[in-house]
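Pasting the structures in now, so scroll down.
The same chain A turns up in both complexes below, where it pairs with chain B and then with chain C.
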Partner chain A sequence: MAVSVDEAVSTGPARDHTPPARRFGGRGRSVLEVALLTVLAVVMLFPVLWMIETSIKENRDVYAIPAKLFDFTVTLEHYKDVFVAPDGGRSALSVSFLNSVVVAGASTVLATVLGVPAAWAYSRFAVKAKKDQLFFILSTRFMPPVVVVIPIFLMYRQVGLIDNKLGLILIYTAFNVPFTIWMMKGFVDEVPAEYEDAAMLDGYTRLQAFWRYTLPLLVPGIAATAVFALIFSWNEFVFATFLTSSDSVRTAPPAIAGLIGGTTTDWGLVAAASVVFALPVLVFAYLVRKHLIAGVTLGAVRR
Partner chain B sequence: MSEPVPLTTDHPGQVASTTPPAPGRSRRLSDRWLAVTFISPAMLLLLAMSVFPLLWALYLSFTDYSATRGGPANFIGFGNYTAILTSAQVHTRALTTLIYVVGAVGLQTVLGFGIAYLISRRTHGRGVLTTLFLVPMMLSPVVVGLFWRFMLDAQFGVVNSMLGSIGLGQVEWLTRQRTALLSLIVVDTWQWTPFIMLIALAGLTAVPKYLYEAASIDRASEWFRFRTITLPLVWPLLLIAVMFRAIEAFRLFDLVYILTNGGPGVSTETLSFHIYKVAFLGFNTGTASAYGILMVLVVIVLTQFYLRYLNKLKEG
Partner chain C sequence: MAGIEVTALHKRYPDGTVAVEHVDLSIGHGELFVMLGPSGCGKTTTLRAIAGLERQTAGDIRIGDTLVNDLPPAERDIAMVFQFYALYPHLKTRDNLAFPLRAEGLPKPEVHERVNEAARLMRLGPLLDRRPRQLSGGEQQRVALARALVRRPRAFLMDEPLTNLDAELRADMRTEIKHLQGELGATMVYVTHDQVEAMSLGHRIAILNKGRVEQIGTPLEVYDRPASLFCAAFIGSPPMNLIEVEVADGELRGKGGLVLTPPPGLPRDGSLIAGVRPEALEVTAPGAERSVPARVVSAEWLGDEIIYVVDHGGERDVRVRMPPTVRFAADATVGLRHTGGTPAVYDVSTEELVA
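Moving on, here comes the complex of A and B:
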């Protein structure tokens, strides 16, 4: 039973077969519903539009009272400031974006490499106390980050991983592995085990059967899972802010949050940085929209 | 008696099948070996990065260790735990967290289900609508927190500006005790309503159409149909979403950190935020660890409920 967003979204057979005469004001009600949905959509989207608008406004207009909705001067200065430092070199923000790419990318690859084989094994073999193991794995993902970060901080201080990209990569991998296993187990379950049995009858070993027959079928699932892991790591804030401090290591979320530290805040820059930061996430999320439900529930709900 | 019919038909000329099949044992053994090699790396990482730190925190929670003082950790038994459980400060934070969780998750559920219901009744433009509504959920809490902080600014924030233009007074959203917690709830609701909506929508579209058709043949009223068909069928899935959100909301830290930094006063300090203050501003690592362990216990209980319910739903 796989109801993806696309299916949920497809224009199914029209449900309103009831003759309009039967229900008084059926038409009026429909108009009301559309109006209500429109209002809700505007309310939900306004902050995003406002963020985009602020990012292209001149500073004078950003702080205008009352706020200027339409009549403002457009500038791309803020976007330039995101990437270029005042002295012409690379800005600290652009370095942090690069760090984010490295950390999110590496932790996603690691989580995929560790998680996919484990998911396959959980799906195919009779592992002892399988259900308990799977529950335990998902439970680790629910730990409050602030609690975990205290001992992790002490641990990292012992081994010199504080303010180190490797430290972040490791902890993100540990946070993404449970998700990868749960999400991928669902995908592996959908591939009939008979394919592997058939391959083994042909003389392949179990491992070869996995490698040659099952794995290629899993590629779309692996891609979707990896995209979600990438988004989680990209957006993560708590570990990033407590485990890193220097500009050369810091990832984008704490770097953007750091923009509001001083006495005055350049909100135009914050908005532009936020747009640059959020855009890839939205694009990626759109690509995996079919698996969104499984993705956002950490692979627990698959419908 | 004729010869027993072979259960599997071997391909003629298959060489492998002429050799006597190795007893299943060896294959099963190699399966077990495969399972172990495939699972243990992931397991080891989890043990090292999740279980070991928690055990360390558990040990520290019985000591008076401080990360900055650096002295030896003295064993003080359950001292930290009794201090926390009897502290009025902690009770305040627990109440704040409770108000926040109930308020935010409640609002999200009502709004999310409402939007999903409205969308499910549309025949056109569902895809576009769903996609648009989902945007807030995908944003980082950093972006959400910062941006709402800007919009809720008492002076040049767009929210007050709009209130002003329709003749309402200015509200100090983030700098008054009452409104600050309300703002936190509103922002969280804005971000996570899509989550409930997404899952509710999946439930709503999975309700078999013939049930509605049967009901409309029986001339059942709209409300009756909603109450007896829609709600009972969507409820189990909706509950999953609500529980999931409740666990997440209980752990909330980043939004508080960015939006209000716990203030004004301590009015928006959640339990997570308080732990952070005890650990990283007060440097009472032992106390913070005990605090954290207590929170983990609550999370474990909640997660067990959630997973058991999920399991029941999958099997049922």
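Moving on, here comes the complex of A and C:
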């Protein structure tokens, strides 16, 4: 049955456009919402806040009872200790931060370089037993990584990758590639294959078509995926603990954990190191926040 | 412009699916050739094989006199228009049009001239400085057509180019494509699942099913004498009535007693099915001459016509197209008779046209 435009579009007076929240319960509701959200935020963020506070308190105030929430002397001494050794040289912590940057960065780049073309291939080509292959790739992420720590340790000892940055880079890449393939395949699926077809008819090879047309359209997806991979590698603790031992190779998570224990713990230093450790990931996540949401809600919208 | 020959095309994907079983096509120079079929029938795969975007498992493809089996798409000198337009999102209309020419390495003044010519032909003047995102679906498809034009290719391949447009725009674009094809005298292979598009556009139509060609013919041939039961059920809206019939006393008699004119050359025996178009039947007052008693099951009032669904002696759901002036209520007792010429008759076992 054909419906004319006049029938389909109501021509009556414009309806009330007040947002629903105002209609039921009025202003009281939104006040309640804000109050509840504030309480939740305080509860969730209190440990973070406490960490930041501790990192700028003098040791005297850190151990004060009752705890000093507002009235304390601000100092940046702990931050200096994070980077500078007591003898004036580079501290062990600063070396571990540098290691973390190298390991997380290299494994993320490797996973992206390997995973993005693979995702493209899985998305575009008819591959034998494609679904089984994709399931196998995903299945490597089913088990908790801890399960394979011992076999990996033994294998690494055989080939001399223990206490070696390359070893960490390889294992993190191995964990990130399946993730990259799966997440990127979703993004590649969203880019119509017709772009490449059209470019091929216009005189480019398949690889050129991918490189010139599909890849630029994938940049947001690559950014989101890479940030997830980066966060994984940056935060990884178990493998870093088992596979490294010397200060010159150790990444930040086990190095910070190593500060706790012994006879006394310098909580100010722990807090400052933790803040420094948390910052890069926060900054990255903030920079690509739009794409992160796109990555998380992927598949909810059809083209 | 050039003709296209497809011989014994077969396409099997690595995962084992056979997209094209066996396809032979001979598309003439300057012909608008439509491949029609349900989704999964192999029409798009055949088209993509012609374009060079898929490599066939077996068979030959010739464009003009050139065997193109081993040529990459770019060297086949053809242009393709896609369902999703495939305009480069970061380029303005002007640059989208110029793109294939620059890829060819044509000098600037010539690129400019050809772009303007295509823009004039597709009336894109005001849209030249916009990006695809700022264009409506219809405008995007016109740009896509223009981009196909600028190349002056030997043939155009169209992969369901109108599917994403709304009904009104689709009718306009249909006219436009037909006009354009005539004006350029272009060889055009057009893939669609929409029979109205196929009937209104095609010089000839190939109906594909399960990777095989069921029939090739002009729109009228395809409509009047569908070559198989599949074609009979596929073409026409509502489709042909398929009525089980037997031959008796030189007459073709349906199960419910409906008498049809037997076509010449009818086989003596075998189970037969007659394909009768809804407009070759008539709903009459009960007891009219040559009519069989029937009951109106339902009536669709379409304004310019009424489609009656009637039930006569066990043969349910016979559809009859009547002018809007002939009105019967649902459930009314009526007569049903055959008024058209000789029906197409099919063998039940082979499902093919026998007379």
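The rule is short, and it goes like this: the second predicted complex is superposed on the first by the 260 of 303 C-alpha atoms of A that agree within 3 Å, B and C clash if a C-alpha of one lies under 4 Å from a C-alpha of the other, contacts with A are read in each partner's own complex, and residues count from 1 in each chain.
Basically, a residue touches a chain if its C-beta (ideal position, glycine included) is under 8 Å from a C-beta of that chain, and two chains touch if they have at least 3 such contacts.
None of the values given here were measured: they were computed from a predicted structure.
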Output check: A:80 vs chain B and chain C. Expected answer is one of first, second, both, neither. What do you get?
neither
Touching partner for A:129 - first (chain B), second (chain C), both, neither
second
Considering only the touch criterion stated at the top, classify A:198 as touching first (chain B), second (chain C), both, or neither.
second
Counting touched residues of chain A, say whether chain B or chain C comes out ahead.
B
Looking at A:90, would you say it contacts chain B, chain C, both, or neither? Reply first, second, both or neither.
neither
When the two structures are overlaid on chain A, which partner does A:60 contact: first (chain B), second (chain C), both, or neither?
neither
Touching A:217 in the superposition: chain B (first), chain C (second), both, neither?
second
Would you check which partner chain A:40 touches, where first means chain B only, second means chain C only, and both and neither mean what they say?
first
Please indicate which partner A:27 is in contact with in the superposed arrangement: first for chain B, second for chain C, both, or neither.
neither
Doubly contacted residues of chain A, that is, touched by chain B and again by chain C:
127, 203, 205
In the complex, chain A residues that touch chain B:
1, 3, 5-18, 23, 33-34, 36-37, 40-41, 44-45, 47-48, 50-51, 54, 62-67, 114-115, 117-118, 120-122, 124-125, 127, 131, 133, 135, 137-140, 142-148, 150-155, 170-171, 173-174, 177-178, 181, 203, 205-207, 231, 234-238, 241-242, 253-254, 256-257, 259-260, 265, 267, 270-271, 274, 277-278, 281-282, 285-286, 289, 292-293, 296-297, 300-301, 303
Chain A - residues contacting chain C, complex
126-130, 192, 194-195, 197-198, 200-205, 213, 216-217
Residue ranges of chain B touching chain A (in the complex, touch as defined)
16, 27, 30-32, 34-35, 38-39, 41-43, 45-46, 48-54, 56-57, 60, 67, 111, 115, 118-119, 121-124, 126-127, 129-143, 145-151, 155-158, 161-162, 164-165, 190, 193-195, 198-199, 201-203, 205-206, 209, 212-213, 216, 222, 237, 240-241, 244, 247, 250-251, 253-254, 257-258, 272-273, 275-276, 279-280, 285, 288-289, 292-293, 295-296, 299-300, 302-304, 307, 310-311
With touch defined as at the start, can you tell me which chain C residues reach chain A in the complex?
13-15, 48, 51-53, 72-74, 78-80, 82-86, 88-90, 99-100, 103-104
